[in-house]
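Here come two complexes built around chain A, the first alongside chain B, the second alongside chain C.
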Partner chain A sequence: MPQGASLSLRDLEKYYDGSGAVLGVSLDLEPGKFLTLLGPSGSGKTTTLMMIAGFVDPTAGEILVNGRSVTRVPAHKRDMGMVFQSYALFPHMTVRENVGFPLRMRGVARSEAEDRIATFVKLVGLEALAKRYPQQLSGGQQQRVALARAMVFSPSLVLMDEPLGALDRRLRLQMQEEIKGIQRELGLTVIYVTHDQEEALTMSDVVAVMDGGRISSYGSPRDIYERPQNRFVANFIGESNFIPCRLGDQGEARRCELISGHSVAIAPTDAPAGSSAVIFLRPERLRLCKADDPLPNKVPGRITGEIYLGDSSLYRVRIAEGVEVKVKRPNRGIGMPIVEGDELMVGWKTTDSVILQT
Partner chain B sequence: MSTQRMTLAPSRRSPVSILLAAFSITVLAILFAPIVVIVVVSFSPGDIMEFPPQGFSLRWYEAYVSNPMWMTATRISFLVATLTAILSLVLGFMVSVALVRSSFPGKNAVRIFLMSPLIIPKIIIAVGLYFLYVRMRILGTTFGLVAAHTLIAMPYVVMIISAALYSFDRRLEWAARGLGASPLSALRHVTFPMLRPAIISAALFAFIASFDDIILSLFLTKLTAPTLPRQIWVNVQQIIDPTIAAVSTLMTLISVLGLWLVALIQKLSSRG
Partner chain C sequence: MTDTTFPIPAAAGRGPRRLAGRFPWLMAPAAVFYVVFFGWPLLQMLWSSIWSDGFTFAGYAEFFSEPVYWWVLGYTMVIGVVTLVLTLGIGYPVAYWLVGLNKTWTVVLMAFVLIPFWSSGLVRTYAWLVILGRQGLVNTTLISFGWIDEPMPFLGTHTAVLVGLTYYLLPYMILCLFSVMNNIDRNLMLAARNLGASPLRAFFAIFVPLTKPGVFAGSFLVFMLAVGMYITPALLGGPDQTTLPLVIALQINEALDWTLAAALSMILLVVSVAIQIFANRYVDFDKMWGGAR
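Our next item is the complex of A and B:
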């Protein structure tokens, strides 16, 4: 039974002096889910979060928590826990006092407050440091305090604004796991803002990719990554290949023609015959193979470069005049060695491709 | 290497630095000489101001404490300085919030207007207020003097509080409100405690600005209810006895203590 609430946004808009920061955002999130607003800076993700929190008044639209509108409820009565990138810990209070702050503001009885503080300080692993001041803690520890403080009062929603942005990579990965673990354990509804696509994919139940003040794509991390709905999303998340093509006739086994003249099978799409489109393929879904490989789609190419990544290598392969694709190949130490200048086939399964209209 | 270092940092005993040190010491000596003389004279046992004094006594401090005229002036000075500190702090804080956190037409004009008492000669402010107070019938009242001192204390308060507000991370207030604090509780539990060093500094500066003032006091107080500086002024014109030296020493001590407190607070808060 999740303790978090459900969240719905209805045509949420925010204009600053006539220019739009958020242009009609709508979504429905079930209780206990982890939603990430992902997008480049200026996409409106932080403004959306600030409107949910109540720090920014929407120009139009509704915010509903458990089906009840909170659009005109002031921030301190919204019952939401907020975690900032800058931690925003109160420097004049100890760890315990920081974590206890929301309880004190709510007039929670002392004994109950003590219990809750102890529970949450322990949950984030800071029992030994409970009497320290924020300045005496490392960045990771400070963020743990901020997390405990945002959760201690069982808020309806926990809002996080790039909470791990200031931490180094190793710590970030560790904190991602911890946050995810706590969120699952307590059944919290979390709205998480980040521009880090990896973070969005690993932590979220639902990802909303934002672009220019709108939700450009909404779905599970797997859907967003493997079946992007448009070129912006495909480009923004992960490495992508876009192979220009002209679509063939509609039908069961639809095909399209590449610039090089090769014909390949494509997944079903409504796009009309003869229109130009791009075939979207992830580098790790492409394979370098020989002409006799059983893969259904193969086009010849020449290796023009290699980027060594440790666990894998990224090859650049030219498959037509002006068309290069990236192919990711795990370094398992098996199979043929590949060097620049090799003439090979690039192959893929039809179901791994997505047709995006241009 | 060593020759390079020599050219970059000239030896401490070069003629230039000796000259500079001599000059600095001279300036400091000239600045401090009057204070030293006053302090020394205040402990003299004789009936007249003499330097160096012929011994040591506290009789002029006793004279100060036992004289109701001096005590009245002291009480008035403390009262006015305290009220000035409170009033300029309340007004200055509100003005600073408006100046730092909101934008309105003429904001810069307001800022400059508030700073103007620092630039305009005090005598002009004094004359202006004198005629205004005559019309308003508040000449010689405690309120009138407090209002005038608030005017000259405001620039210090606004400067100190504005600077602190500029560097204050507003996300802390947001965090507090997000965690359930009403705007007022956020102010009380987060903003005020964090601005405490600035608030205390501002209050001390305002207190000293009022406590040290003579020009406004000369114009705006009654002869029967003078401030300490005005009482000194009056005494100097009538009888010159070492009581003035004792009073001046105490006044200097209070100002120095105030500034020392400000420095201490700043040191503590920057370490915090």
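Our next item is the complex of A and C:
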């Protein structure tokens, strides 16, 4: 039984002096789910979060928590816990006092408050530092205090605004795991804002990719990554190849023609015959192979460059005049060695490709 | 600033202190200046309070045997405290309002706060003579409206001295408060609201305690300047508004009793420093403001 609430946004809009920051955001999130608002700066993700928290008044639209509108409820009565990027710990209070602050504001009885504080300080692993002041803690420790403080009062929603942005990579990865673990364990509903696609993919149940004040794509991390709904999302998350093509006739085994004149099979799409589109393919779904390989789609290419990544190598392959693709190949020490200038085939499975209209 | 229960000032002071540790000679000009123009005269004053053709405690003896000096000292301290309370009471809301404005307005209005610094204190105190005098602005206005028949004696009252001192020292208080308030992370107030504090509670539980260093600095400065002020009580006060600096000046210029003058100066110094240390250590400002913890 998740303790978090459900969240619904209905056509949420925010205009500042006539210019729109958020232009109609709608979504429904089940209790206990981890939603990430992912987007570049200026995409409206932070403004959306601020409206949910009650710090920014929406120009139009509704915010529903457990089906009840909180659009006109002041911030301090919304019962949401927020984690700020700058931590926003109260410098004149110890770790215990910081974590206890929301309980004090709610008039929770002393003995119960003590118990809750102890539980959550322990949950984030700071028992030994409970009497310290924020300035005496490292960045990661401060972030844990902020986390405990945002969860200690069993809020309906936990809001996080780029909470790991100021930490170094190793610590960030560790905190991602911990936050995810606590969220699952307590069944919290989390709204997480970030511009880091890796963070969004590893932590979320649902990702909302935002662009220009709108949700441009909404779905599970796997859907968003493997079957992007448009070019912006495909481009924003991970490495992508876009191969221009002209679509063939509708039908069971639909095909399209590349610039180079080769014909390849494509997944079903509604787009009309003869229209131009791009085939979207992730670099790790492309294979370098020989002409006799059983892969259904193969086009010849020439290796024009290699980037060594440690666990894998990224090859640039020119498959037509002005068309290069990136192919990721794991460094397992087997198979043929590949060097620049090699003439090879680039192949893929039809189901790994997505047709995106231009 | 002895009573700092949280380590903000310590953290703020770390940089310069480390710098001084690495380049001690950087402090040399300041150190020389302080020794020559502050430390040495202070020692001389101490010396002349106990030496007049031989060791003497006549100055201190006179102070302790004459109750009138006690009264004057007490009055001086009361004036200092009341001025402090007035400047804090007026300055705190003003500074709070200033930090909340957008940058342009903050700069413009801060300039208005600072403009009085550019004109001499003597001129600004004389201005109050013009305003509060028998034929002054206030009296002539009140008479022309027919609200009073005779000019009211504003000058030579406690009120006149307090008005003059508050007016003179208010910018110091505002500057001290403003610089501290301006450095408070705005997200702290948002965080407090988010965690369940009403705007008023957030203000008293978070904002006010964080301005404590500014309140202490401003209070210290205003109190010290108020008890040492000569011009304002001399011009706006009467015989009943005699403060210790006036008595010291009298001893130097007219009675020519420099031993007594030096002794009184030392007493003023010791007492006002003692009051500050006492206040910082024993007044719990959190409890005074109710509700920080």
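By our rule, the second predicted complex is superposed on the first by the 358 of 358 C-alpha atoms of A that agree within 3 Å, B and C clash if a C-alpha of one lies under 4 Å from a C-alpha of the other, contacts with A are read in each partner's own complex, and residues count from 1 in each chain.
We take it that contacts are C-beta pairs under 8 Å (C-beta built on N, C-alpha and C of every residue); 3 or more make two chains touch, one makes a residue touch a chain.
Keep in mind the model is a prediction, meaning the values are calculated, not measured.
With the two structures aligned on chain A, chain B clashes with chain C.
Once chain A of one complex is fitted onto chain A of the other, the partner contacts of A:105 extend to both chain B and chain C.
Judged by the touch definition given at the top, the superposed model places A:149 against both chain B and chain C. With both structures placed on the common chain, the touch criterion links A:136 to chain C but leaves chain B unconnected. Within chain A, the residues touched by chain B in the first complex and by chain C in the second are 53-55, 74-82, 84, 86, 88, 90-92, 101-102, 105-106, 135, 149-150, 153, 159.
Listed in rising order, the residues of chain C touching chain A in the complex are 5-8, 11, 185, 187-188, 190-199, 201-202, 205-206, 209-210, 212, 292-293.
Residues 169, 171-172, 174-183, 185-186, 189-190, 193-194, 272 of chain B touch chain A in their complex.
Taken in their complex, chain A has these residues touching chain B: 53-55, 74-82, 84, 86, 88, 90-92, 101-102, 104-106, 135, 149-150, 153, 159.
Across the complex, chain C is touched by residues 53-55, 74-82, 84, 86, 88-93, 97, 101-102, 105-106, 133, 135-136, 149-150, 153, 159 of chain A.
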